[in-house]
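Sharing a structure, written as structure tokens. Questions coming.
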Amino acid sequence: MVLASKVILAVGAHPDDIELGCGGTIYKATHAHGTRVIAIYMTRGGKTTDEAIRMRESTEAMNILGVKEVYFENFPDTEIPDSYEVINLLEQYALKFNPDAVLTHSVNDTHQDHRTVGWLAMASFRNVPKVLAFETPRVRPATFLPTYFVNIKGCVDKKAEALRCHVSQKEKRYLAYESTVNLASFRGSQVGVEAAEAFEIVKYLEI
Amino acid sequence: MVLASKVILAVGAHPDDIELGCGGTIYKATHAHGTRVIAIYMTRGGKTTDEAIRMRESTEAMNILGVKEVYFENFPDTEIPDSYEVINLLEQYALKFNPDAVLTHSVNDTHQDHRTVGWLAMASFRNVPKVLAFETPRVRPATFLPTYFVNIKGCVDKKAEALRCHVSQKEKRYLAYESTVNLASFRGSQVGVEAAEAFEIVKYLEI
Amino acid sequence: MVLASKVILAVGAHPDDIELGCGGTIYKATHAHGTRVIAIYMTRGGKTTDEAIRMRESTEAMNILGVKEVYFENFPDTEIPDSYEVINLLEQYALKFNPDAVLTHSVNDTHQDHRTVGWLAMASFRNVPKVLAFETPRVRPATFLPTYFVNIKGCVDKKAEALRCHVSQKEKRYLAYESTVNLASFRGSQVGVEAAEAFEIVKYLEI
Amino acid sequence: MVLASKVILAVGAHPDDIELGCGGTIYKATHAHGTRVIAIYMTRGGKTTDEAIRMRESTEAMNILGVKEVYFENFPDTEIPDSYEVINLLEQYALKFNPDAVLTHSVNDTHQDHRTVGWLAMASFRNVPKVLAFETPRVRPATFLPTYFVNIKGCVDKKAEALRCHVSQKEKRYLAYESTVNLASFRGSQVGVEAAEAFEIVKYLEI
Amino acid sequence: MVLASKVILAVGAHPDDIELGCGGTIYKATHAHGTRVIAIYMTRGGKTTDEAIRMRESTEAMNILGVKEVYFENFPDTEIPDSYEVINLLEQYALKFNPDAVLTHSVNDTHQDHRTVGWLAMASFRNVPKVLAFETPRVRPATFLPTYFVNIKGCVDKKAEALRCHVSQKEKRYLAYESTVNLASFRGSQVGVEAAEAFEIVKYLEI
Amino acid sequence: MVLASKVILAVGAHPDDIELGCGGTIYKATHAHGTRVIAIYMTRGGKTTDEAIRMRESTEAMNILGVKEVYFENFPDTEIPDSYEVINLLEQYALKFNPDAVLTHSVNDTHQDHRTVGWLAMASFRNVPKVLAFETPRVRPATFLPTYFVNIKGCVDKKAEALRCHVSQKEKRYLAYESTVNLASFRGSQVGVEAAEAFEIVKYLEI
């Protein structure tokens, strides 16, 4: 069970990726289960916007979701390197926080940074019991194959509230309230509940 | 291109399956392209409701979508036989109407009747240039893998209107207006438009 | 989390299938979590052995694993029908016991009865939050794709003890103690623990 | 290695399936390696042609390929039953001839009889070291996934000669000389030789 | 429908890749539908031959196919970088020409340059309605899974004529007339026509 | 048939990878068939241990398995470059030794170096008739899909003896005798023998 983890590490390529991919799950974990969640962004999203703004927005968003530990690495936006250096850095996080579960990108995503993070995470977190890959607006429809769903009924508004913090990105349609509700409703409908987030399993060990 | 077909054959297991799976596409084909669409239901849906009622409801729904030729076979609801008899019957339809495209069930569906129709269609329509499998509320999330999307912007309300004809089934959540909008919006978001229907390709030949 | 379920329904084609596929998980659930487990065998395994003997053996095995409710249906061994009747029967079990999780066969199995049960379960248990498919000696190596592992360290001997009850089947190599340890060790090694059982996810909703 | 088998069992649904799927491989095995090949047809192909004619044609074809032991079962053409009876019958052949390799249909085929034989073979021949699935004109392009290729350079004309025996089926385009050459050339080009036959591996144990 | 596109962008790694992968489709589009086709080669193929020669050959080949706009980028042959720079460059082409469809490499190819272009295209052309991946002599037989076929009857000789322009490469067997006919015939046979080209769908939106 | 090859090239990322992945197969090939086996390690495993030690250990291990030709390249451990230089180097080995079969890493592995070698090998050895990918402790359970098994009964102890040479790595659980037996037994049980090694087919041409 992911929600009842003591420690969850959430790893996203850019500010807003974690919120989009598993904001509801994080909110539920921190609020209903008291889980400690640590968020790591690999870039500061500086390709199109001022980095300071994006970092502030994501920090606020994470706070709304109950996450107080937010880290920003400084790899180049759109060019996260597929290197041992990054693997090693992520391993250090795992050693430091000893997470029960990692939530991160899928390798079945069309965005090069997402894909890179997905592959690196597979190597870095090989000793973590649970590694799940979340959905982004850029996953490939016929290759992102979720089998693990988390019921986020009652958490959708909070997820939307977190996404609203990204004022600098507000022209992105997938950050809109309707998109958030819509995705949650669709994934919920696939498993018979009102709202859900969907994940691919990279590795899942029930202890 | 499916929409511009001269003749489309839509084959569903039960009254309401076609409307759910490709109602928007059919409406757009009949109204924007003047396509002739023939609908075939393999059962009359008599397991839980009076057959006459269900046939009437589906006929009305199809009329709203611009379909005037609606056929109801009489195979047992929940037990459509996986037999040569059914293959042969569907082949006769293909010979009679000479369709450019067939829209029908996916074999990646949890409902036994849907799966059976999907397999039979694969054999029966082997000489039809295009065979696409539509999405139902019962497809398996991680094995239904759509690659073909039809933009149904402007057709969602008509699809919903058609689904509303199924008064006898109104307790099914997936027939509700919200569900229709939600599915169309999600599938649209995957390909960058407001509303779409998603299909697996069984066979696709562009002539 | 499967282990912490209130109620687990385990469905096997023949006496010994459940023990082989998820004996360790069941033992852990009943003993460490107080889970109520109900076992259903679809046949009495009468093809090669006296049915009374096989039923007695499986009942004993299940008792060792902490399961007191054991049901034996009477479908023909090697010819479990792929019919609505069976779907309906399994649905009745779901309605009666309201399980949180179902453990059953995979459709990616070379034994026709296993495959049939896997497909039927998919339809019957569509409203159960978690449906997992276990491993048998007959799964297809390259199509049985487990992503969900349960740590069964400390439960392997009990699983082996349960399997030893099947005295009438003792010539089957996969029932031997070494085979049990070996499978558990291999699956454990894939996720970094001493012993595990592996499952495919048919459906998984974390509530 | 398939070609050097002592005994190969080839199992086809209808007269001409074996010739089409693995005629070149069989010719090479019997002529270059002295392999004993036994052919089993599950039906006599009576749906559209006189059974006696089809049996005679296939017997001739097999003789050209060096096969002297040809068996014709009598299951209904287009309706081969998916039953234990058939599994048992195929098991008897395995027990009698003790083959090193079985060549038969793929489950990834659009013809219902082919698919049925593919599934049954998986159960019946579970103790045979090598089971390979051949290509027919009815396999599904995107799900028939061959990984095992046999070089049939120098055997294509003999394969074509065997196919020419099926005078009663001569309107089938895929029996024409050009089709035979074309398929062999394409499959050859995929592995860098002049001519090949392609197979999916169901099971492969190198002893 | 690809053929009826207003604008098609064809992107190949090396001179001759586009001609090989979709020469028939391009010829049909330009001649039967008046489609504007723009060809982009990512390298000048200088690894083994003079770049000027290869550029001239490909320009001639494209002219035969009805393509007048041919661009040659200058990334290193056999080492096309998997970088944001390349993604950005391809995005600029998309912005400039606003294509309805992109035809390019598959990520399921054994040639590193082909694979790289396939992945980059997925990111760069995310807003293009249709992105299809063509077949090269280097695709992996069991992972290149075409579902979209274009009938190129009557265009095969023109495709072969275009390939003949590559005089400097004439030792490559797959450029020979026989190979062209053979591939077209095989792919045609899979969908019931005389000649076809096969594509994987990366993204397909029917508007 | 792999075992009866005249020349096998085994390519591993680090000292111990080849022994782990196909030590039994190599021993059987050299001893029962007199096959010439050449081993190539792409790195010297210097990340955590002295390179000279690791090279000596692997050389000893290979000698036990009957391999006298052992090459150590010097690419950086954990950062094998995905470059044309490496492809070219591997091609040179193929040209020099003209192998019938290559045994190497799978691209379905969580270790970045393993994956890189898998992809490079696909390009470099495209003209080798047989390329098989072996299993490491780091393959991904649900994406490493072996279809080719080699019976290594009677060779497991020798494989274990070879692995014992890696004294500097002895804390790695997967090098232990029990792990070796366990893996061999599990893979054997999947194909009905006492011990086996499992491979994915990258390319397989029977000549």
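Here the chain labels run A, B, C, D, E and F in written order, and each chain numbers its own residues starting at 1.
The criterion applied here is as follows: contacts are C-beta pairs under 8 Å (C-beta built on N, C-alpha and C of every residue); 3 or more make two chains touch, one makes a residue touch a chain.
Here the structure is a predicted model, which is why all the values come from computation and not from measurement.
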| item | value |
| --- | --- |
| Between chain D and chain F, the fewest steps along chains that touch one another | 1 |
| Most remote chain, CA-based centroid, reference being chain F | B |
| Interface copy of D-F among A-E, B-E or A-B, judged by whether over half of the contact pairs recur | B-E |
| Centroid spacing, where centroids are CA-atom means, of chain B and chain D in whole angstrom | 36 |
| Chain B, residues touching no fewer than two other chains | 126, 142, 147, 191, 201 |
| Pairs of chains found to touch, sorted by chain label | A-B, A-C, A-E, A-F, B-C, B-D, B-E, C-D, C-F, D-E, D-F, E-F |
| Residues of chain C defined as touching chain B within the complex | 82-84, 87, 119-120, 122-123, 126, 201 |
| Chain C partner contacts - residues on chain F that touch it in the complex | 137, 141-143, 145-147, 173-174, 178-179, 182-183, 185-186, 189-191, 198 |
| Chain B-touching residues of chain D, taken from the complex the two chains share | 78-79, 110-112, 115, 138, 140, 142 |
| Residue ranges of chain F in contact with chain D within the complex | 1-4, 126-127, 129, 147-151, 191-193, 196, 201, 203-207 |
